[in-house]
Amino acid sequence: MPQGSPRFVHGTIHHNTGSGIFYRMEVAIPERIDFVPGQFAMVSGWPGNDPLLPRPLAIFRSGGVRGKGTVEFVYKVVGRGTALLSGLHAGDPIALTLPLGHGFEFPGEERSWWLVGGGVGFSSVFPAAAALDGQRADFEIFLGARTRDQLPPGEWIPGGAVPGRVHLCTDDGTAGFFGTVAAALRDRIDRWRPTGPARVAILACGPREMLKVVAELALPLDIRLQVSLESYMACGFGVCWGCVTAVRDGEKSVYRRVCKEGPVFDAREVVW
Amino acid sequence: MPQGSPRFVHGTIHHNTGSGIFYRMEVAIPERIDFVPGQFAMVSGWPGNDPLLPRPLAIFRSGGVRGKGTVEFVYKVVGRGTALLSGLHAGDPIALTLPLGHGFEFPGEERSWWLVGGGVGFSSVFPAAAALDGQRADFEIFLGARTRDQLPPGEWIPGGAVPGRVHLCTDDGTAGFFGTVAAALRDRIDRWRPTGPARVAILACGPREMLKVVAELALPLDIRLQVSLESYMACGFGVCWGCVTAVRDGEKSVYRRVCKEGPVFDAREVVW
Amino acid sequence: MTQPVPPDLSARVGSVHLKNPVMSASGTFGYGLEFTPFYDISRLGAVIVKGLSLLPTQGNAPVRIVETPAGMLNAIGLQNIGVERFVKEVAPRLDAGGAVYVANIYGRTIEEYEAVARRLSEVPALAAIELNASCPNVKEGGIAFGSNPQGLSGLTRRVRAATGKPLWVKLSPNVSDIGAIARAAEEAGADAVTLINTIVGMAVDPRTRRPLLSNVTGGLSGPAVRPVALRMVWEACKAVKIPVVGIGGIQSAVDALGFLLVGAAAVQVGTANFRNPNACIEIIDGIRDFFVREKISRLDDYRGTLLLRE
Amino acid sequence: MTQPVPPDLSARVGSVHLKNPVMSASGTFGYGLEFTPFYDISRLGAVIVKGLSLLPTQGNAPVRIVETPAGMLNAIGLQNIGVERFVKEVAPRLDAGGAVYVANIYGRTIEEYEAVARRLSEVPALAAIELNASCPNVKEGGIAFGSNPQGLSGLTRRVRAATGKPLWVKLSPNVSDIGAIARAAEEAGADAVTLINTIVGMAVDPRTRRPLLSNVTGGLSGPAVRPVALRMVWEACKAVKIPVVGIGGIQSAVDALGFLLVGAAAVQVGTANFRNPNACIEIIDGIRDFFVREKISRLDDYRGTLLLRE
């Protein structure tokens, strides 16, 4: 898929409402933007210079027509920037640079997809699920959370509650599978009978430790795994070199920009 | 009047609504506070450190009972701090240090009071008018503004529209007297027949140039004039020594704190 | 079941004992009296009073302060009543507050510094003297002494000889090598170094084409300078054996803990008092809560325990 | 009726002509190519490219950046592809942008600096070389040369001899006397001085007890440092006759005008590009609007016209 070139836009909040521990925010922007699932925006919705830097948020959805667009984000309040975002009201201004980064790739050969979201990581994988659903591709979603009320609302799940498609996992067993999303994935792998090397591919986003466990499961079985990484970012579009992560380049390890060469990396390249 | 000792409180916005170019904001605070007209609060209603310093606003009104109070402010948006205040919604938190400074004095001997407010300066003199109205004292109000729509709404005027009591003045003649508030005051002085030296006293708040002209009118006639001065402030309660203004001390001029010895000064002391 | 023992927050700056490591910074707290409406100031580690000079000082003309991003510039110019009136009129009232007091002193010449120090030696209410060798807002003295090791050494030695009180030397951050400056103070007999004072800065109005401060330049303080202050305090801690008191942009317990972590014996809180007059108390309470949560029983178990990778 | 003549914003830094005084700062703008989606970079006064070293440099391990009040600390450690790949792969593409380019160079030793400068002298697309004698984030070189007049003088003289390009020397703010440092660069043959680079700072996590940056310290930039930068630029302008380029916390036309007012020949914009990729263009437009409003016809009529009281 082509990855559109970024622009800096001033938007206006349409709505910004909390749903459990997550906020979902829709922003009106001057242009419709196209994006690849896994791409993100740098968001700053506050006046003044403290905090100074914009915050990266995955693009959850985009809509509208030429000359009038909307874009949606889903976020969890974890610090000052996200707290400030959660205080914004309809009509408030917000600045966005988007779409940014290298999103998930969808090569044609896979016949089945497993999408894994830990915590708020579903914000990157739901757009992928929506795209696959649009292509009537075969996919399953694994969602992990500490407890039941930290799972996203059911109506946000692309494709809806097709039986067997959505695997909810909670660390405390209050909903779905009792255990981590990685454990659920291990179960699923045990039940899986590969008919060819390219049959299943995994897209995952969540805490780094989770991604690491998923990689340890998938890579030995030659399951292709793409992971979306997080990092502190200053610019988000490749100029500050602040966001790097170590990746393998032949024998060596080199630092690549999470905002530019990532956030989605082939799990085989990542130095875990 | 006793001038209460200050406290630092966290309040919650009750309402904050624009009326022409002025905003009027009511804040719920944990305690009822008593104040002297001319006293002020240091107000910071924004998260983060940019802007860093709280902003001084005159206390416009206070109400409530022990254990539950309200306080009101009237302000005009002139820069970043006041712009941030104007964006606050009902329910938002706000921090206040109040009551601060030395307010207007009301010695018993005066029989008549002229209260002069230029621009948003009415926010300090209306509380004085309300106090005088409560004592059924004799007072007149002079309000100056550039144009009609920069005058405060009529219903904010304490004591209401008693004939001859309120003199509106606009620089462009769009309402009331055509000219500055100082010119109107000069007219009034011309029509005034003093029966004794202590008969009238003036309380004034507004731009420094206006106060200076009022002083040049009043002082030669031995009319007692109290002026409320403005200054950039960091603390507002006398510890930083940042807000000083030059006042006469015998032969010398010394720097006094606008936030502590002021904001209200005897006009004879001020080095204009 | 036993009650949890509250953590021991007591701190020491050389021979001066403090009930906790949080002091008010000079010039931001008056003589402490203005804070009594807000809280009982004896709850502080210590109160550092506004800088005192030999003669009463008028200070600079207004405008004296200007706000900057997450900071402020001040050019007060040390307006104060002079050491004589301080000793006669203010000092006798200090005891009533029940707090530990430290005087901050300033002179245009070494002789003036000596004279102020000598006079204050007679004030029992003072636990120590903090020598301000770093005020950027006065034409003579101050920073002129503080910006090179030789100048600071000479000044410190002379003031050291003039008083029997513990002598803290307050360092300027406007230097190339803060470690060398701190060592100069140590070698000249300082009992502690305190840092940072303000960083020299400037602001102008492009329309009127004038500086915003009547003094043209002023001293930058507040959260904006905190990263610089923390780095300098860390370097000073590595450079000297005497206690280091950390100052600069501290607003919260988290900030204060950072300075203690890199090795500061105690901290001072300045600009934060302006927006939140309860800042010092909230910081003390926050440190206590942190120690309870992290099961740290004494300040000394935490101080200077920064972990670096090998 | 005649049309108003648009103000003349053109600026000169020694022999380098700029269509306006606004440049992007090194390390915050890549090679300029990342900005082409946002605007036509030939509208800038110049583009200062990311610092180049002799050999490809890996840079520091993450975490490399941390946000601070109104500022940020960075410890990138000069990750770059090395001068050889720059000359072969990037330089040929620069012409396409149509902008004025200046290379920023860095070495661990004087010899490395010379080698980089020499190699870049062959690149026609480069209008000047900016010598980074002030990077705080590398173990050797950089700030070691920039923090004393002698060191800077020696380095500048050698690099001066190694290249025929105009040589700008970028100064460290981590010094006691910026005027003396600027003079050292001038006397050693610099065509201009540019300042400030970042101020060394630090941030820690009190809970994990670790520095937030893997490099422990980093360089502070952004609006927080602006008052300090402006003061230093003013002092440098008074100290030298060569052009001074002002850098540090510039975010808006008002900020840029302040630096020009105190005497800067031009300015560079760094951290502001991150939150607002259009920052440089908005600053150029804002300066033009200001000149129109204030009826100033040429930049030279405004530069260095700060009014001080007698």
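The first chain written gets the first letter, and so on, giving A, B, C and D; residue counts start at 1 in each chain.
Operating definition for what follows: a contact is a pair of C-beta atoms (placed from the backbone, for glycine too) under 8 Å apart; a residue touches a chain by one contact, two chains touch by 3 or more.
Remember, it's a predicted structure, so these values are computed and weren't measured experimentally.
Each chain's centre was taken as the mean of its CA atoms, and the one lying most distant from chain A is B.
If each chain is reduced to the centroid of its CA atoms, chain C and chain D end up 34 Å from each other.
Rounded to whole angstrom, the centroid-to-centroid distance between chain B and chain D, based on C-alpha atoms, equals 47 Å.
In terms of their C-alpha centroids, the spacing between chain A and chain D amounts to 36 Å.
Touching two or more other chains at once are residues 68-71, 222-224 of chain D.
Looking at chain A, residues 48-51 sit in touch with two or more other chains.
Chain-to-chain contact here is organised exhaustively, every possible pair of chains being in touch. The touching residues of chain B, when paired with chain C in their complex, are 5-8, 42, 44, 48-54, 95, 97, 231-246, 254-255.
Here chain A touches chain C in the complex through residues 48-50, going by the rule given at the top. Touching chain B in their complex are the following residues of chain D: 69-70, 223. Chain D makes touch with chain A in their complex at residues 27-30, 34-35, 37-38, 50, 58-59, 61-72, 74, 76, 79, 222-224, 251, 271, 273-278.
If you check the complex, the residues on chain D that touch chain C are 68-71, 73, 147-148, 174-177, 199-204, 206-211, 214, 216-218, 220, 222-228, 230-231, 234, 249, 254, 257-258, 261-262, 290, 294, 305-309.
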